[in-house]
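Below you'll find the structure I mean.
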Amino acid sequence: MWKADIDLDGDKMREECGVFGIFSPGSDVAQLTYYGLYALQHRGQESAGIAVSNGKTIRGEKGMGLVSEVFNDTSKLQRLNGDIAVGHVRYSTTGSSLLVNAQPLLVRYRNGFLSIVHNGNLVNGGELRAELEDGGSIFQATTDSEVIAHLIARSGEKDIEAAVKKAVPVIRGAYTFILMTRDKLIGLRDPKGIRPLSLGRTASGYVLASETCAFDTVGAEFVRDIKPGEMVVIDADGVRSEQIAESEGNSLCVFEFIYFARPDSNLEGRNVHMARKQLGRRLAQEHPVEADIVTGVPDSSLSAASGVAEQLGLPYEMGFIKNKYIGRTFIQPTQQIRDLGVKLKLNPVRQIVEGKRVVMVDDSIVRGTTSKHIIQMLRNAGAKEVHVLISSPPVKCSCFYGIDTSATGELIAAQLDVPGIAKAIGADSLGFLSEEGMVESIGLAKNGFCTACFSGCYPIKIGNCRHNKLMNDEEDNGGCGGCGIHI
Amino acid sequence: MWKADIDLDGDKMREECGVFGIFSPGSDVAQLTYYGLYALQHRGQESAGIAVSNGKTIRGEKGMGLVSEVFNDTSKLQRLNGDIAVGHVRYSTTGSSLLVNAQPLLVRYRNGFLSIVHNGNLVNGGELRAELEDGGSIFQATTDSEVIAHLIARSGEKDIEAAVKKAVPVIRGAYTFILMTRDKLIGLRDPKGIRPLSLGRTASGYVLASETCAFDTVGAEFVRDIKPGEMVVIDADGVRSEQIAESEGNSLCVFEFIYFARPDSNLEGRNVHMARKQLGRRLAQEHPVEADIVTGVPDSSLSAASGVAEQLGLPYEMGFIKNKYIGRTFIQPTQQIRDLGVKLKLNPVRQIVEGKRVVMVDDSIVRGTTSKHIIQMLRNAGAKEVHVLISSPPVKCSCFYGIDTSATGELIAAQLDVPGIAKAIGADSLGFLSEEGMVESIGLAKNGFCTACFSGCYPIKIGNCRHNKLMNDEEDNGGCGGCGIHI
Amino acid sequence: MWKADIDLDGDKMREECGVFGIFSPGSDVAQLTYYGLYALQHRGQESAGIAVSNGKTIRGEKGMGLVSEVFNDTSKLQRLNGDIAVGHVRYSTTGSSLLVNAQPLLVRYRNGFLSIVHNGNLVNGGELRAELEDGGSIFQATTDSEVIAHLIARSGEKDIEAAVKKAVPVIRGAYTFILMTRDKLIGLRDPKGIRPLSLGRTASGYVLASETCAFDTVGAEFVRDIKPGEMVVIDADGVRSEQIAESEGNSLCVFEFIYFARPDSNLEGRNVHMARKQLGRRLAQEHPVEADIVTGVPDSSLSAASGVAEQLGLPYEMGFIKNKYIGRTFIQPTQQIRDLGVKLKLNPVRQIVEGKRVVMVDDSIVRGTTSKHIIQMLRNAGAKEVHVLISSPPVKCSCFYGIDTSATGELIAAQLDVPGIAKAIGADSLGFLSEEGMVESIGLAKNGFCTACFSGCYPIKIGNCRHNKLMNDEEDNGGCGGCGIHI
Amino acid sequence: MWKADIDLDGDKMREECGVFGIFSPGSDVAQLTYYGLYALQHRGQESAGIAVSNGKTIRGEKGMGLVSEVFNDTSKLQRLNGDIAVGHVRYSTTGSSLLVNAQPLLVRYRNGFLSIVHNGNLVNGGELRAELEDGGSIFQATTDSEVIAHLIARSGEKDIEAAVKKAVPVIRGAYTFILMTRDKLIGLRDPKGIRPLSLGRTASGYVLASETCAFDTVGAEFVRDIKPGEMVVIDADGVRSEQIAESEGNSLCVFEFIYFARPDSNLEGRNVHMARKQLGRRLAQEHPVEADIVTGVPDSSLSAASGVAEQLGLPYEMGFIKNKYIGRTFIQPTQQIRDLGVKLKLNPVRQIVEGKRVVMVDDSIVRGTTSKHIIQMLRNAGAKEVHVLISSPPVKCSCFYGIDTSATGELIAAQLDVPGIAKAIGADSLGFLSEEGMVESIGLAKNGFCTACFSGCYPIKIGNCRHNKLMNDEEDNGGCGGCGIHI
C-alpha cells in the first residue's frame, strides 16, 4: 500500500482479492454489493468494481482505489439497477496497479453477456494463455478471469453451466470464481478448496462471498461453505449444486485464519477471532516466557496477543498506537526528517513499556525487516527485554496460489534458523507456534489446510509458463496467470 | 456535448474521432502525441488516450474527457516513455459514454503487443462480430478496433503486415486505422478514402494524423495524404507503402470541408478556411440577397460568412457573441429562469442587428431546431428581416460511415422542401448551396467526395447486423460496428 | 493566466474584476448571479464568488478558478437561497493568487451583515490601511473591499447609506462598489466614472453589472449607466439615486472600448463591436497600406480587423487559428520540444498567408514580445510582408486605476518611437491609431475618457503608500490598495 | 462525523480542536507541523491548516477535511518554507462547516503579521464581540481567534507580549492559544488550565502541542506541561516563561483522560492508556459483575475494557468489529436496506457472544441512543445477558468550555436515574464509575480537574451574550464565542 515510516503492511503476506455475488430480485443489489465489498475491503485496496444484470443487459462500474473512492457518489450505484450483481476488491501493489486488471470482467460472447470475478491463482494460467493466443485469442489484461472467459467462449457449449464444466478440467490452481450471466449467478471453488467461498441467504435470494462477515453487512444469513470442486447455480429456480470436479480434500489456506480473514468471519464453522486467540494460548503454552506485559502489533495480532496474555497471566497492554488516519495521500518524510526519529504510523508508548520485560506478539514474520524495526522502537522506548512470539510457524516457501509472499530468497526463515532470526531481528527470545499447534488450535482436521508456505508441501503441482515479460507493463506481476512463476 | 440554452453543437453532424501516430526515436513521443491530440480535440471530446512503445512493451493511459482532463498532470505523460506512440480522441454522446470504448485499444496476442486507434465505421462490423463470436471470440467493448484486433490475431500470420493484409479484404466501411506494434507504426485508409489521413515528417521520424493541423502543433512538415486503400509502414528502415486494397476512387467525406476539419488544416492540398470562404462566395452568387449586414453563426460558419459578405459587398458583423466559457460543468437553467429569456451560450447583439436586414450564414441544417431558435433571437433583438444562407446542400440522408447525423426521420430536409424549411425555421428567405456549387467551390474532382448525406448515393453498400442490443449498455449506439444500422 | 508557446494574454493589459448585483425577490437570485458572472468571466478568471441575503442572514460561496469550477455542482447554488445577491470574478496573476482575496467579502459589524464586491483601485488604499491599522484594525486580505468595510464599520453611523456617504469622501481612486446588506443592494461609482457600472431591470427587480452583456444572460433590460459619483440604493421601495460625490466629469477607461469589454456590451450607449470596427476603419484611413489580405490577432482584434479590411477593400482572412481547448491544466512543452517549432496555442495558416502582403491588426502593444513572436510566425509561414496596424495609440504609462499593465520600464512605447518599435518587433510597417482618431471613432465627448496610459495625464492624483511588503505574500501586488504604487 | 448505520461518534462528546506550534530554524517546519497534525487528527476532522513564518512574511494554507485531504500534494507544503509554524485541526459538525472558520487565522495589524490557532471557548466571547463591533471592528468569522486578534490590535501596545498581557485579563474561558509573529512563537493557557498544552524540545528548537503524542511524531522530547495562566515565548533567544494571569488551580478537563486524548499521550505526567485501564479496574471493583466475557465498544473503550477484564478475571474478547474503511464518502443505506438488518459500521460477533453473559464496557453515555442500539445488536447476536459498565460518571450538564456535548435536555443522565437509564438502553445491569473513583484512578489531585459535566460545578462563570443570530450562517453554533450560551 502506501509507505509510512514503518511499512507495517509491506512485510505481510497479502490476500489478492475478495469476491461477492448476489441474486436477490426486488432488492437494490448494487447497493448491497457495495456494502458487501466494504466488509471485504481488507482483502484488497487497489481497485473495486460492481456489475449488475437487469435480465437484459449487464452494466458495470469499476476503478482504482477503495470502494469508497470508486463509488464516491450515489449516481454511480443508481445507474446499476437489476436483480443480480457481482463485486470485487483487488489488492494494491506498488507501481503496477492497472485499471485494466480491475474486476469484474465484463464480456460479450456468442451466448450473450458474461461477467466474472475471481480470487486466487491458476498455476497453469501462463500455459493456457499461450495456448489461447496460439489459437487466435487476444488478451487485454493479465487476470485469470480473462483466461476462463476465453475458455468458456471457446467451449462451443450453448449452455453456461456446460461451458463451465468443460473449462474446469483444463484449469489448475487455487481459485474461487463467481460468474454472472443475464439471469444466473454461478459460484465455483477449486477441487482443493484452497480459497474460501460461502453461501448466504437474503430475504429474497442468495449471496456468495469470500468471507461471512460480508453476510452481516447485507443482512444475510449464513447457509454453508461451498465445497471443494462444487459449482452452485442460483437463478429464478433457486439454488442447485453440482460437484463438477472431484474433491481432492480440503486444503483451505491456513493464512486465512492466521492473518487474512476479518476476526468476525467464520471459516469452516470456526470464528476467526476465537481461533486466533486459541493460537495465542497454544503459542504461550509452547513458549512460556517470563515477562511483565504482553502487547500485540496492531491491528492483526491483537486477538492472538490477548490469548497469550490470558495464558501467561500477564497484563495485556497497548504497547503501540497505530495512527489510523495515515492513508494513500500521506506525504512521506524526507530522510532529514526521518533521522529525527519520527514515529508516524506506529508509536510505542514509553510509559507502558519503559523498564518492562515485554512479550511482543505478531502473527507472522515474512522478511523480518519490520520486526527488527519495531523491536528497536520498543528498546528505544525503554523496554528492558523484548520476547517475540509468533502465532504461526516460520514462513519458508513462496505461495503460488494467489497470495503475495516475497520471493523465497527474501523469506528470513528460508535463510536462518530460529536463533538466527532472533539475532537478526534483535529479540531476546523468539518462539514460533508449531505446525501441529497451529492446526490443533484451529481445531479442524489436520489435512484440512494448505500449509505449503510453512512446509513446502504444495497440494497442487506448479507449472512453468512461457511468458517472461508481462502484458501491458513489465513490472506488473500482480495478476498474471503463472507468469514468472517457476519451481 | 453539454447543453446550454441553445444546443449549438447538438444540432450538427459530429465527427466520431481523431487519430494520431508518431514514430520518432529520441523525441518525447508521448508529449508530442499529447500536443497532436490538442490540435485534433475538435474531432472528439468524450475520451482521450495515448499508448507508447519503448521497443519492448507498450504502456497506455486513457480516460473520459478532454485531453487536458485525462492528462492532467505531467507524471501521466512521463510514465509513457518510448519511441513510437498512437493517440486518439473520441466524441461525446449523451449518457452512453463508456470508458471501455475509449482508445487506444491495447492487446496482447500470439505475436506480442498491439495497439490500435481508428476513425470511421465498419458497415459490416456487426456481421464480423457475430462471426467472431461464433468462432469463440469475446468482446469487451463495442469498437471497430476490437474487431480488427481479433481479425489480426486470428489471421494465423506471424507478420503484422501480412495479418493486416489478410484482414482488410474482410472489412467493409469507411475507416482509417493506425496500428502500433513493439517496433512499427502502420497507417491504413479505406479503399474509398472516406475518412482522412495524412503523413508528416519530423526531425527524426514520421507522423500520421487525421488532419494536417496536428502536424503544425508538433513541428512536423506535411508530406502527403495517405491514398485510398494504402498501407504505410513506418519503422527503423523508414516509410514504405503498399496498396493493399484496390483504390475505389476518392470519396473523401465532403463534410470535412464543410464543418468538421479545423480551418487551418489542408485536405487534398486545399486549405479548409479558403474552401469555406469560397463556399460562401459561391453561395452568395447562387442566392444574391438584398440586405444590410452579414453575420455567421459562431464558430463554424465564420469563414463562409466572410465569403458571403465579400461577395455581396455587405459589412460582415458579429451578430452573435458565443460565450466561450460554457463547458461541461455548466449548470442548466431551470424552466423558470429559461422563461426569463436568458441568453447564456449565444447572445445576439441588438445594436448591430436592430432595424437591419440580416443575412445569417450557417454551414448546415440538420434538424432545424437550432436554426429556428437563433432566427427568433435575431428577430427579438430587432432584426427587420432574416435571410438564411447555408453553405451546403440540404442534408436528407443519414451517414453510416462514422458520422453522427440524426436518424433520417429527424432530418428536416428529408421531410420538407426549401420553402417548407424556410417557413418552419421562420426565415424570410432561405438558400442552400447547390451540390454542384459545393463541389466546384472546393475545387477537387467531382467524384472526389462522398456526398451521400445530400444525395443518398452511398459509395459503400450498407449491410445488416445481427445484434439488436448493444454490449454493456443498451443505449450505447456510439461505437458499435454496424449495430442498429440498416437500410 | 497559463502559458502556452505564445503567451497571448500575457502581453495584454488586464481588467481586474467584474461585479454583479441583483435585487429580485421571488427569483432564484443565486442562479441568476451565476449566469451573470458567466457573461463577465472575461473580466477575471482567477476566482469567483456569490453571496446571497435571505433577509435575515447572508451566505456565500467563493473559490479559486472559473465560475464553472467554483460552482461545479448544483448544491452549491441551492444552498444560497434569498432575494438579493452579489457576485464577483477576479483576474488571474501568476503565483500570488490567494483565496483570501476572492470576493465577495462577507463581514459582520455593529449594524449586522455586509457583503461587498468591487472593481478598480483606490490610489490612497495604502494610506487608509495604515491609518486604520494605527487605529487598531486588522486586515485579513489585501483588497479595497476590506478597506471600505472598515471605513463603514468605523463611521459610527447606524444607517448604511449614511455610512457609505461618510466613507466616500475619504477614498480616492477608480472604483465601482456593490454592497449588500440584509435588505438592500447599493451600487457606487467613483466621481470620475473610470470603471463602468450599469443598471438593468428584471421582471421583479433590478440588476447592477460591470457590463451590459450580463443583463442579456439574465433576461434583464438595460435601464441606464450609473453616473460618476452616484449611489443607487435598491430595496423593497424600488430604486433611488443620490449624487454622493460631485461628478468630476466622465473619465471612463478607454481600454474598456479597445480591449476589455465584450463585443456585445454597450458602454455609454455605444456598442463595443461597432466602436471597435470604427476604430479599425479610422486606423486604415490614418494608415492606408498596400497589401493583399487583412488578418486580426484572435480573439480580441477581430472587430477592428474587419473594419480595417472593409476600409482598405481587402479580403479579411483567418491568418491564425487559436486553439480554444488550451486551458489551465495545459502541460507546457519542454525546451527540446519548443525547439521543434511547435505551434500550440496559435497557428498561422500557410495557405492563407504564403506569398502575401499581410496586414496584421492588433488592439494594442504593451511589451511587444508577443507581437514580435507572431510576426515571426507569419514570416515563417511565408508572408511576404507584414504590416502591423494597432487600433489604439502607443501605451506609454502604467495604470494606477485597477488595470494590470506592465511597469512603465517594460512598456515598449515608453522606450522607443514608432519606427523603433517597428524594427524591434520585425514589422515592415507599423501604424498606431492617433489619440484623436480613437476618441472620435468611439464617438463620445473628447473628455469622456481616461487616456492616461497613452498620455500620462492622470485624472486622479496618485498617492504614496507606507507598506513596502504586502500582506500574506510578498509577491502579491494584485489587490493591495496603493502598495508599491508611487509616481 | 459521517453517519453509518450506527452513529458511533455522533453520541460522544467532541473535542473542538488540536493545536500545534514549532520554532525550529533549519528544519522543514511545515512538514513537521503536518506530521504533528496527523497525531492530533483525532481532535478534529473538519478542517486543517498550517501557517509558516520565514522571518519576513507569513504564508498559510488551510481547507476543509482531514490533514491528508487539505495537504494532498507535496507542493502545498513546499510553498510554506520558514523557521516557525503553527497548525490546527478542527472538528466536524453537521451543516455549518465553514472554511472561513478554519484556522490558523492570519492577519496584518499595525505591528505586522500575526497568526493564531486556539482550542477552547471564551465564555465572554459574545460580549467581547459586541463591544468590539460597537468600537468599529468587523468580523469575518465566528472564532475566538478573531476576537483575540482584535484585542491585540486594539491594545495600542507595540510589543506583542505586552499586547497579549493586556488582552488576557479581558478574556474569560477555557483556552489555549498559540500565536506566531514574524519571529516569535507564543503559547498561552487559561488560568484554570482547562484545555491542555505541552512543551517539547527538538534538535534545534521547541514544539507546543495539545497532546504529547504529537511530540513523538516529530521526534521531539517532552519538556513539561504549560502551567495555567502561563505564557511561554519562544524565539531566537530560547524559551522564556511568564505567569501572566494568576493560576486559579488546575482544572484540566477530565474528559481528556476519559475519551479525547490518544492512549499514547501523557497528561500531567500520566499516560492516558494506563489511566483508562485503571478506570476500568476501579469500575470493576465498584461494580463486580457475574459474567462470561468482557468486551469494549471500539475504539475508545478498549483500554478500560481490558482493565475491567483483568479485574474481573474474565476473558477480554472482540465482541464487535468496527469497519475501519467507512469514511466521509460512505453512501448511506436506504430505509429499505436498513430494514434488512445490515451491520455496516459495527458488527457484533455471534460466535463470541452467543449464549454468553457479556460485560460491555463504554467510556461514557451522552444521549444513550447508540448504547441502546448496540445492546440490541448484542442480544440479536445471541448474548444471554448484557451488563453495561461505563468508565465515567453520568454526564448531566452541558460543557461551555469548548466541548460539543448535547444540550442538557438531550443528556439521558439529566433526565433519568441509573436504573432508568438501564431500562431505557435495555441493559440487564448498568454501572457508572463514581466521581471519586474516577479522580482517584487517574491519580491526580482531587481538585485537579474540571468535572462540570458530571457535577454541574463550573469552574468559570458563564456569561450571557448579545447575539441571537450567528455570523455567516444561522445554524452555525460551532465556533461562536459565547453566542447562544446562557445559564
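Note that the chains take the letters A, B, C and D in the order they are written out, and that residue 1 is the start of every chain.
Definition applied: a residue touches a chain if its C-beta (ideal position, glycine included) is under 8 Å from a C-beta of that chain, and two chains touch if they have at least 3 such contacts.
Treat the numbers as computed from the prediction; the structure is a model and nothing was measured.
J.: With centres defined by CA atoms only, which chain is the most remote from subunit D?
T.: Farthest chain from subunit D, going by C-alpha centroids: B.
J.: CA centre of subunit A versus CA centre of subunit C: separation in Å?
T.: Subunit A and subunit C have C-alpha centres separated by 60 Å.
J.: Using the average of all C-alpha atoms in each chain as its centre, how far is it in Å between subunit A and subunit B?
T.: The answer is 47 Å.
J.: What are the residues of subunit D that contact at least two other chains?
T.: Within subunit D, no residue contacts more than one other chain.
J.: Every touching chain pair, please?
T.: Applying the touch rule to all chain pairs gives A-B, A-D, B-C, C-D.
J.: Given the complex with subunit D, which residues does subunit C contribute to the contact?
T.: 56-60, 100, 105-110, 113-114, 133-140, 149-150, 153-156, 469, 471-474
J.: In the complex of these two chains, what residues of subunit C are touching subunit B?
T.: Residues 27-28, 31-32, 34-35, 38-39, 41-42, 66-69, 71-74, 77, 202-203, 213, 216-219, 262-264, 266, 270-271, 273-274, 277, 299, 302-303, 306, 310, 315-318, 321, 323-331, 333-334, 336-337, 340-344, 347, 349, 351-352 of subunit C touch subunit B in their complex.
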